[in-house]
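Structures for review follow.
Each of the next two complexes has subunit A plus one more chain, namely subunit B in the first and subunit C in the second.
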Partner chain A sequence: MTTLINQNPVIYEASAQNSTREWREDDDNEDSTDPIDAQEIFDLIRSISDPEHPLSLEQLNVTQRDHITVSDENNSVLVEFTPTIPHCSMATLIGLCIRVRLLRCLPSRFKVDISVRKGTHQSEHAVNKQLNDKERVAAALENSHLLEVVNQCLATATSGGVVANIKAPVAVK
Partner chain B sequence: MPRLEQLAELQGHEDRVWCAAWHPTKPILATCSGDKTVRIWQATNAQDPTQWQCTGILEGAHKRTIRSVAWSPDGRQLATGSFDATTGIWEKDEDGNGDYECVATLEGHENETKSIAWSKSGALLATCSRDKSVWIWEVEEDNDFECLSVLQEHTQDVKMVAWHPTEELLASASYDDTIKIWRDDDDDWYCSDSLQGHDSTVWAIDFDPSGERIVSASADQTLKIWQRYKPGNPQGIVTPRRGEAVWKCVATVVGHHDRCIYSVSWSHAHGLVASAGADNTIRVFDIQDYDKEILTEEQIKATNEPGTLYQGVVLAATKNAHGTSDINSVAWYPSEEHGDWLASGGDDGFVRIWRIIRD
Partner chain C sequence: MLVFSLIKGIIQEFDIARHVEDLFEVTFCYFPITFTPQPFDPRIVTTEQLKAGLNECLSATPYFAKFALPLLLEKLSSNSILAKKDAMETITACCPSYGSSFMPYSEEIWTALRNEIFNESSDELAQIALKMLRAVTTELSMCVSIGGLEDAVEQFLKPIVAECIEYIQSPDLKHARMSGMVLMTCAVASGYPSCLDDVDFVTPLLGYKNEFIELFTGAIMSNECRTLRLAGIHGVMGFIVLRKIITEADVTLGVQYLVSVALEDPDTEIREAAIDMLGSLALVFPGIIRKHVLPRFIRILPASSKMNQGSGSVDEDHLLSPEYVLYALARIGVEPTLSELVVPQVLINIDSICTGKTQFTSAEILYTMALLEAIVRLLRAKATLRHADIPGYLDHLVPHLLGMSIYPTVNEADSSSHPMTSKEALETIAEIIRIVMVQSNASEQNTFVNAIFHLFALGNLSILATYKPEYEQIPFTPLHSDSRLSQQNTALLFGVVVETCRQETTLAVDNLQEFTATMAEMALRTSNPTQQLAMVRAVATIFNKYNKRDALEPLLSKTLMPRLHEILISRQRENTAPTPTPASTPPVISSESALLMYIWITKALVLSAHALSLTLLDELLTLFSDRALGTIAANGFGVIAGDQPGILNKETFAVVRPLHKQRFVNHCVPLMLNGVQMPGEETPTRCNFLIALSHLLQNSSKQVLQAELATTHFLPVLLRSLSSNPGEIFASLALGTVFNLSCGSPELVKEHLPALVPLLLQFMCLDHEGINPIQIRVDALKCLSLLPTIISWKELEPYYAQVDKELSRVLDDHKRMVRREAVECRDQWSKIA
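On to the complex of A and B.
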């Protein structure tokens, strides 16, 4: 059996609701465009599967709503994520999954920056640089094997909230 | 008030446009894209620069994104650098149907080819890749290309290569935050200098018309100007390696772009510098002398640095030049004939032709 990078991750409780936002009068109006906020970004990425464990990024505390900064009027999004262990070699893959999810779901006007939370990874500069190099990302996504792994992690992303019984994706060789 | 006026918007590419390259002598533009093709655009009316037509599509040879395209100095061939790790050489089939066909494929890089460039004489071709290497090829007869040298001094991806306007001297820009200068000693190529100063990936470089200065664009959101100091230079800059010139940073243009700068072009017609990147803005700078900080001989001797010699004065800033999309490439028309034209390509898949108006 392949050895997992992190054999014993700490599992956090995911919040049971899809969203903590209260219903607003405007919600049923299809024509109104709500500004995109941190909660919406969080809802998009919270259920992405971790590459190694049958758990979501939220359950592993890799993503947290408070680590997302959005400015709808400036078209900018900053997502910081916390790898489960400081030498996690899955960090780049997790960051890539977040980037692809947002690429597919957000309006193209948004500039998205993704980085590991300061002090949570021993190669944080190198990981951040890779995740934010547009050319490297574009080339990586033309790699069909890597794309397949990313898509498997994203298969659960629409579950919006607690995800039970996620089938563990194939670990990257 | 100087400004960029849009002449034309060229649609056709089905994915982001990575690079735009002007033909050396005619009003013809080649652009390459994530859609794995190159499109050739021509001005159709000599009196009306707003009329353009797509007159050719180069496709079929590359299996992945075409990242860069460059015309040979005589305008008869095109080179394409692709993420499929190869470089294609294309020629117009004049005897046949007038379509471009791929007449040679250069292999060797281990992964994505990022940039290719022809030397001024057309005798050499340089290619570079994410595999950290720069390759120098000799152009032989019958579309044969011989690899002269594989240069492995960069410690990370090499993003771009650019030749000196007249000499056989090459510059390369890298993810390792440096620019390296390459020269040869009888076909033996070596690294002549390594330019450090940028705080992040250097995405693009261009020589000024004289070849004595280089402008570089970086993910650190600045442009830098580097000047060459040859051995025995009157300024007293020490050149430690025998016979080798050194390049010193003589200006940093900061505080304008607020995201990564992907492309920079130094006009050979009027000397203005155009830059563009992820902040959706094309800027045009005039590089002017900066005389507020003239260093004394002692100061230069103490630091071996010439100080700040130039400043970049913004002449025009066109926001949202490609809407909310990144701009990946800007290129000035290479000669005085249409020297005020600027081409740009962006993530929106569009190509735009602009004219700088200076009144």
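On to the complex of A and C.
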């Protein structure tokens, strides 16, 4: 029997299925541009499953909106995440999942940095180095077993649910 | 596979008594099955199939028992999880045929199972073990009842029960949950056959009765985890159901216990479980529930809504809110002897709120609605159980409710805020009437319908049992267009009666044709939409159900329809040549009212496949070019094609001819398609055709549509009109139609992928020959994400590279909504890639 690394994680309340973003007039207005912001990145990654528990990263408080920094015009994203315990050996895997998710969902112009939040992991330096090394990430994804695990974690990911005004296309208005 | 079916055949067909051992050996050598199918093996034999085959063989004859059991039990102690799992499953499968052969092995079985259950190494294994335990216990107690070998089960269960009780009583709760499960399983399994047994037979469990009850109640009381407490409740329930070993006093005790849980427990889930239990028990022991449970709930049901503002903490209020008590009453009081008690009580409560007042607080109105809805819930539950006492409510409950909602409207002081005359209340009462009417036969309906016609058509209030002359201060004329608004609304109640009449029921009027004509005229003239819709629906129902031997034909085809047609046409003429109408013309009937009636009557005739129906449909289609009426007419096809709950369907006894839908679809689809591609036609008209088409697609079954869509080149036409740079609304509608179509018949879409995919890619991009509006981009992305869920990878593969490339561009759309859809869409495609 395998023992879980963190047997008893603290579970936080997640903001349901849908994004916490509120609908604004401008969402319908073609002329206004919606920049990609921290909330949008957060919506993309919060529903990823933890590799160990059937819970989302948001429920485990691994990702938080306030720990995401985005600059749309400079094409840069920084995601900091918090492993549930300082010696969590899954930290790299979680980071990899976040990276793959953003790789698939963000326009290619963005430079994405992913790191463990300062002081929350005992080998944070090593983890950060691994996560931001392009070649190592690419090599990791060549490993079909690892890719399968990542895909499993991403299977639950959604685009952050629906804003109030988006509906399925029904013909009758 | 073949071998297994052979062996099974041999066992069943031949006398194998002399060859048992040989046969067993050739069979058992396959156990356990370790076969893993080769990937991509065309001969599809799965491990599961083989296992099932082997199990069938092993369980085919009781003769195998003495050979198989020792071997299987040996496997149970092996280290491989798979082997253990297989062995347990096989034993479970064998139980029914091996029967008493288990007796000698009972001790070993428990030892093995105990390890599995309490080690908690894997939940799945424990579940399988529990299942096996249950099967074995059932079997053993069955033997007892058959052979009178009383101590078999007892021997088996004694150590189990003793051990579990020890676990539960020990302060360490680690094993308590599992022990509870074990006990429950035993109780349920051994109880089942003894319930079946007619002989006064005492199961061995009886000895433990008191301990059990203590145990389960202890489990409920404990403040430990919720699952344990739920198990406790189930345990109590299991016990109460064991009729043979439980005396009435015990049931009473258990029931009272559940009541206090239902009323006092702070945990909602536990309370609801308790109420559920009481609900199920009520069907078995109505007497006890009537005596001990209902009074307790009724006592706390506040007589008026004032209780709400009473003292007491917020928590307490919430715990025993009137809504909660009503929920419980509706759940428990379903059984006839119980509802006979509950329903009048609810009525008394409504009475006590409503009588003698003209001003009502919002709390009172809410409470009245809650009371009415409780009756609806109760009746719905009764209707699913087909209780015979439902028609009886036509005599008491319904007239009482009718009185309550009618008397305020004939009072001099017109109190518009009366809780029983609000539209919501009337609709709820209508729902009550509908449930009761549908469950009544023609003769029961006749008496009631007779009274209803006296009441609503003639305004004869004295027919109500609760009538007192002083109530009636002004005449009751609900079907007139000039009566009081609150009276007009009660037409809703009349409508629902007509809608739910059986075809054999007689409508109590001398001349149905005259009556219908008058009602239609009133419906056209009224300006109250509630009254209008109710009467229009009633008129349509009459034309559907009571046009026997063309009795209503003169009215229908000679008078009414031409008149409606005239109203609609004159309106169109006004559109084309706007000449000011002379002021002398009498108050015009609005063309919207005429159209509403036209649509409903068309629906009624389409269902009964009336000769006139196709003509009516054609006329509706010609209305599509009307600026004001076109969209209403197009949406009318939603009413005509869709099943409308509570009216003009099989459940409400309408005349529904077989194949009417086919006729309807075959007639309309080609015409509508023509309309969609009409050259030079104004876009709104083409949009209306698309709207109507969408309604058809959404409301027709695949079988009906399939042939029609294929022969009319439906999708190509749609795609062509999409690619000819249509306006936003049209494109959005067309994409929506493609979406609906894809959901219904993927085969059709599959053929047209080469045209469809590039089109979608075009529409999802921001700028392709001009700017695509947000909604179009979103709709296109939605259609595109649907494809991988309905069409196989093989068909989609050629498009994947291009789709993925385009999608990666759309991920950078400047609108967030579009980006969201793009992410979802990319997910869908990469899932199957």
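The rule is simple: the second predicted complex is superposed on the first by the 150 of 173 C-alpha atoms of A that agree within 3 Å, B and C clash if a C-alpha of one lies under 4 Å from a C-alpha of the other, contacts with A are read in each partner's own complex, and residues count from 1 in each chain.
Here is the rule we use: contacts are C-beta pairs under 8 Å (C-beta built on N, C-alpha and C of every residue); 3 or more make two chains touch, one makes a residue touch a chain.
As the structure is a prediction and not an experimental result, all values here were calculated from the model.
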Q) First (subunit B), second (subunit C), both or neither: which does A:Glu142 touch? A) first
Q: Would you check which partner chain A:Glu40 touches, where first means subunit B only, second means subunit C only, and both and neither mean what they say?
A: second
Q. Between subunit B (first) and subunit C (second), which does A:Ala157 come into contact with in this model arrangement: first, second, both, or neither?
A. second
Q) Looking at the overlay, does A:Lys111 come into contact with subunit B only (first), subunit C only (second), both, or neither? A) first
Q.
Between subunit B and subunit C, whom does A:Thr69 touch in the aligned arrangement: first, second, both, or neither?
A. neither
Q: Could you let me know whether more residues of subunit A are touched by subunit B or by subunit C?
A: C
Q. Given the touch rule stated above, what does A:Lys134 touch, subunit B (first), subunit C (second), both, or neither?
A. first
**Q.** Residues on subunit A lying within both footprints (that of subunit B and that of subunit C)
**A.** 108-109
(Q) Give the list of subunit A residues in touch with subunit C in this complex. (A) 1, 27-28, 30, 33-34, 36, 40, 44, 104-109, 157-160, 162-163, 165-166, 168-173
(Q) Which residues of subunit B touch subunit A once you look at their complex with the stated criterion? (A) 34, 64-65, 67, 83, 111-112, 114, 130, 157, 159, 175, 200-201, 219, 259-260, 278, 323-326, 347
Q: Would you mind writing out the residues of subunit A in touch with subunit B in their complex?
A: 75, 108-109, 111, 129, 132-136, 138-139, 142
Q) For subunit C, which residues are in contact with subunit A within the complex? A) 121-122, 635, 638, 690-691, 693-695, 698, 729, 732-733, 735-737, 739-740, 771, 773-774, 778-779, 782-783, 808, 811-812, 814-817, 819-821, 823-824, 826-827, 830
